[in-house]
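Each chain gets a letter, A, B, C and D, in the order it is written, and its residues are counted from 1.
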Amino acid sequence: MKVRVAVFGASGYAGEELLRILLRHKNAEVAAITSRKSAGEPVSTVFPRFTGAPLVFCEPDVEAIASKCDAAILALPHGLATEYAIPLLNAGIKVFDISADFRLRSPEKYKEYYKADHPAPELLRKAVYGLPERYREQLRTADLVACAGCYPTSSILPTAPLLAAGLVSPKGIVVASCSGVTGAGRKVDLPYIFPECNESLKAYGVVGHRHLPEIEQEMAVAAGVPEMAINFIPHLAPMNRGINSTIVMDAMPGTTLEKIGEVYAQAYGSEQFVRILPPGRTSDTKYVFMTNTCEIGYNLDPHTNKVIVTSCIDNLTKGAAGQAVQCMNIRFGLDEAEGLL
Amino acid sequence: MKVRVAVFGASGYAGEELLRILLRHKNAEVAAITSRKSAGEPVSTVFPRFTGAPLVFCEPDVEAIASKCDAAILALPHGLATEYAIPLLNAGIKVFDISADFRLRSPEKYKEYYKADHPAPELLRKAVYGLPERYREQLRTADLVACAGCYPTSSILPTAPLLAAGLVSPKGIVVASCSGVTGAGRKVDLPYIFPECNESLKAYGVVGHRHLPEIEQEMAVAAGVPEMAINFIPHLAPMNRGINSTIVMDAMPGTTLEKIGEVYAQAYGSEQFVRILPPGRTSDTKYVFMTNTCEIGYNLDPHTNKVIVTSCIDNLTKGAAGQAVQCMNIRFGLDEAEGLL
Amino acid sequence: MKVRVAVFGASGYAGEELLRILLRHKNAEVAAITSRKSAGEPVSTVFPRFTGAPLVFCEPDVEAIASKCDAAILALPHGLATEYAIPLLNAGIKVFDISADFRLRSPEKYKEYYKADHPAPELLRKAVYGLPERYREQLRTADLVACAGCYPTSSILPTAPLLAAGLVSPKGIVVASCSGVTGAGRKVDLPYIFPECNESLKAYGVVGHRHLPEIEQEMAVAAGVPEMAINFIPHLAPMNRGINSTIVMDAMPGTTLEKIGEVYAQAYGSEQFVRILPPGRTSDTKYVFMTNTCEIGYNLDPHTNKVIVTSCIDNLTKGAAGQAVQCMNIRFGLDEAEGLL
Amino acid sequence: MKVRVAVFGASGYAGEELLRILLRHKNAEVAAITSRKSAGEPVSTVFPRFTGAPLVFCEPDVEAIASKCDAAILALPHGLATEYAIPLLNAGIKVFDISADFRLRSPEKYKEYYKADHPAPELLRKAVYGLPERYREQLRTADLVACAGCYPTSSILPTAPLLAAGLVSPKGIVVASCSGVTGAGRKVDLPYIFPECNESLKAYGVVGHRHLPEIEQEMAVAAGVPEMAINFIPHLAPMNRGINSTIVMDAMPGTTLEKIGEVYAQAYGSEQFVRILPPGRTSDTKYVFMTNTCEIGYNLDPHTNKVIVTSCIDNLTKGAAGQAVQCMNIRFGLDEAEGLL
């Protein structure tokens, strides 16, 4: 059996990564790829690396596409995803959304950060958060999956088990992340041209970045508290792919490196896509480049009594396309790693 | 009048940057450049960009060199600097040390971080910390200048005025810094070859980095407290030059963006080499590339009541060679910016 | 059936790429990985991305390894490969050598370029040149495969059909190539550290590069002439992977873009790993990044009557590890593309 | 005396480099900087590195600007430069044009490559080609200077003396050049965003690039022949600045490395901004980074009897802004190197 997958918004970097994965996936076939700008053109026009693949971009005609697919992966800009998700869900298609449209459970938070009412608040309740290492069981039966964002994935995976185990305080957490430029999408704008990015490293969105409430929401779930307030500070770094998140947390009394290691082993010991480094080591984006792995290192600073965790993912794979396929594999009962190694 | 300057250890990146600055300096002449490995070779053998400059590397023969220079800038590895500083000082030469040998005032701290007794603890008292924006008056008469380190410069300049004014708490400060690869020196080692650094971003020295006590020492001076304990987390980023430090601090009651702006204006309003951005902006390494400027941006997060400051320098200029020349200019009564614009 | 493969010299970049390919190969299993420096260490010590793979580096003990493998891929330095190839061949193992040891058919040429007698000249006759698009039939029964080099692959594939068809002159060919830094191997040497390579582009080996006789040999075979003399000029470019070769040749009378297109279609129309671009386009290293594809573009300059061909490969994949696996797949009767998509 | 300089089109990369040079120039002052898009904004809005410089972008009002400047440097797009040059010349202002508008002496060639009649063909005769090492005397009295292009500068400087001395043939020359991305200007277009350029190296404009007739024109002048036809093949490389041109030419009978060295010594021995490497060496873009120098290396391949020359410049300095200032210094009788070291 092959899952027939439609990719909406396939001409961006997440779309390209989805095709890279799906074209070698044994139990999936690409049923449609949409792009309003490139409709009618073969995939190789936009992505020469896929020359030979018999794929042609089409208009995002939901009705026509729904009739020939089982799953839809939405790599659309924020806001647009909802427009497509609704009719696709109505047509019985399983939807895996890479945008941020369905990640927040609270319509109020959504309004606070997106300055608009959510167009379909009932779907916020329906959506399952697409982070398999945290929500695998719910994903098995989900109709709508809100795939975890790139920064959130790199922040939640290393912190959730520690918060859940009470090894760190939910208060005063600082997350400083650096992302490669594909994190901005295939965006044609002055700040993203090569000479502006090369030899440049800078923070942005220092206060109130849109990934902040998503990170806080999931950290709070893990910590078992109603609300959390953290600092999340993203940076742009001169590389194509990769996110490194360095996270500083107050150690709770009695926390030791050994206990942290045990908690991680219990949480992720059987996870294929989480790699816990030996204590004292730090993660490196190059070791997860073009993989679906999250690499985590941990330290304890006796000087300040802080737990310092570093965490790396490839923002296009585990932070977007790979995560979507991993969720899809789970939903359709396939080998969770299919296409991802 | 021209200051005759000897550069010890001139074949590394700080040495190259020193020559770039000194060769266009109107009131300085390069009296000697030493390199044990390249002694006897013209400067152009190591640095083709200086072809035509009539300079030849020589052995670091202190006696011979002392007889023909007024100032010595030491771009030597840690430990070696002391060996040369002592006889140079005895010969009446003003010494500007770029290494970390004389930056810590406490021999105990030195021993803790360098695992050895300081070879000349009396010089720790004598040395003036080479950060002109903080110690300009003392520098005018200093015999031995311990030029501020690269990470410390980018950390101390943006925090000292806020600590001194009581706008931020001295407790719980987190400094997350990213440095370009020249920060490691011209070191031939596997982690620094191009394919290992490119597409790589990682933290290192997460606990107990040697720049930590230097940062804490100067922050404590500014805050007027005997001791401070912070978290300093350096990262290596795939670029040649530049440090970005992102610093998260607890705001004290009553702190506002306006007050921060006023404090910075008072501290740095007349400084040529500090640029304070409008509130809400963030610094960018590319805007200080190959300059002696420290660019500082500031934010206040009402959500967590944190002051978030970003600060960028060029690690080889303001973080090393430029700073040394700025100190030298002050010491010899020259225009402080000579050679640096 | 699974081919049991030993990788000799597995701790370099070609070794890493081999493991990346072989670990997902359906019909191969890694029987041994050797590294004298890392013997006894798990593969993850050198390559954290392979954490979880149950592989441990071992000493290159030919006897022990020969008893448990069917094929050996040698990713060893020039010269050393022969030492291992001889006993492996004697033990009946099929050998795929990525080094340059067996690529030249003429012991005289070998001596001219390597300044030493070839240690096993009889093997030069026995070896099949490992460029499947040119020698597929011979590869099916080869015992010793001298995998084509990276620069040669990018130079021979686009020129051989044109030379064979008489569309270009074998005289006066100029090949100007640019390679990423992994082309130098995982070499720890000053010219390869990040700050020396970044913002640097330079030619090297302008006269008498060791890949020159290999390129000339295979071009001459294609052209049906006893000898050729060309100019091959390699450059180092600031990127990890990828070779672009730009090749300028005299058009023979009657040559048109259409004819070139036809010749390429005939030569490579059914090749999975050669992509011919529409006339007038140029190849781009990013479109072959981490693939086994050679992308070729062609132009005809009426102004000078030159055929200008551009050709890109990933030097570690089609230029090394991918090519070796492609040859191995052919030799063992497997799907030629297995592991390579 | 200070030359009052207006910079037209000051918001691009050449404009930024002009300001970097002019702001430290002892005998020049910036009288006006124009930018239609940024008129009314301080220079620091576009280029934070110039914060503190009392410069505000203004509309390109020729009349107003002409009344307060002695020289105008045009960093405008092709075509637009002529529009401004005419009234400026009429107002008696010396004009230094960085665009390609006045570089070709032949209106026919202009039409062939630019697909339009030249709007002011009489100015083509009046303009002096702005390459000081070739036209210094004419520049001393020029009213209109057509500054040499970046690729042409890197191609003409190393070839002209050899052609003039008859050491190489004017036939069959191949120039393969690689440029950093600032060579495309500060252009916001998909091919120039970071992820499209990084890990990418490709040829473009392989046939009929607009710099081709300029290169051929000046090579022919040097060779003393009426016309030349060469191949010029530019490439885009993943770096900010720098051009490397590798040039392959047929050696004439009797040409030796020694003779080449002598010819270069005679041509450039007293030039401050040309650096001839010892025979057998190759130039490197990093050694001219942010300098006004052209570095030239030369080789002779006995195997094919070709002279192979490599030549590097910084495209924004010697290839644009630095060259314009050098020409201006000559025209106004200043030290030719002022502002450029």
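Convention: a residue touches a chain if its C-beta (ideal position, glycine included) is under 8 Å from a C-beta of that chain, and two chains touch if they have at least 3 such contacts.
These numbers were taken from a predicted model, which means no experiment stands behind them.
Visitor: Select, from A-D and C-D, the pair of chains that is joined by more C-beta pairs in contact.
Guide: C-D
Visitor: For chain A, which other chain has the most distant CA centre?
Guide: Most remote chain from chain A, centroid-wise, comes out as D.
Visitor: Could you grab the centroid distance between chain A and chain C? Build each centroid from C-alpha atoms only and quote it in angstrom.
Guide: 37
Visitor: Could you state the distance in Å from the CA-based centre of chain A to that of chain D?
Guide: Centres of chain A and chain D (C-alpha means) sit 46 Å apart.
Visitor: Compute the distance, rounded to whole Å, between the mean C-alpha positions of chain C and chain D.
Guide: 39
Visitor: Would you pick out the residues of chain D that each touch at least 2 other chains?
Guide: 180, 196, 198-199, 238-240, 284, 289
Visitor: Would you pull the chain C residues touching chain A in the complex into a rising list?
Guide: Result: residues 23-24, 47-49, 51-52, 272, 275, 277, 284, 287-291, 293, 295, 341 of chain C touch chain A.
Visitor: Could you please specify the touching residues of chain C with respect to chain B in the complex?
Guide: Result: residues 13, 180-182, 186-190, 192-199, 238-240 of chain C touch chain B.
Visitor: Where on chain A is chain B touching in the complex?
Guide: Interface residues on the chain A side: 172, 174, 176, 178, 180, 196, 198-204, 206-208, 229-231, 233, 235, 237-242, 244, 246, 248, 280, 282-286, 289, 297, 299-304, 306, 308, 310, 312.
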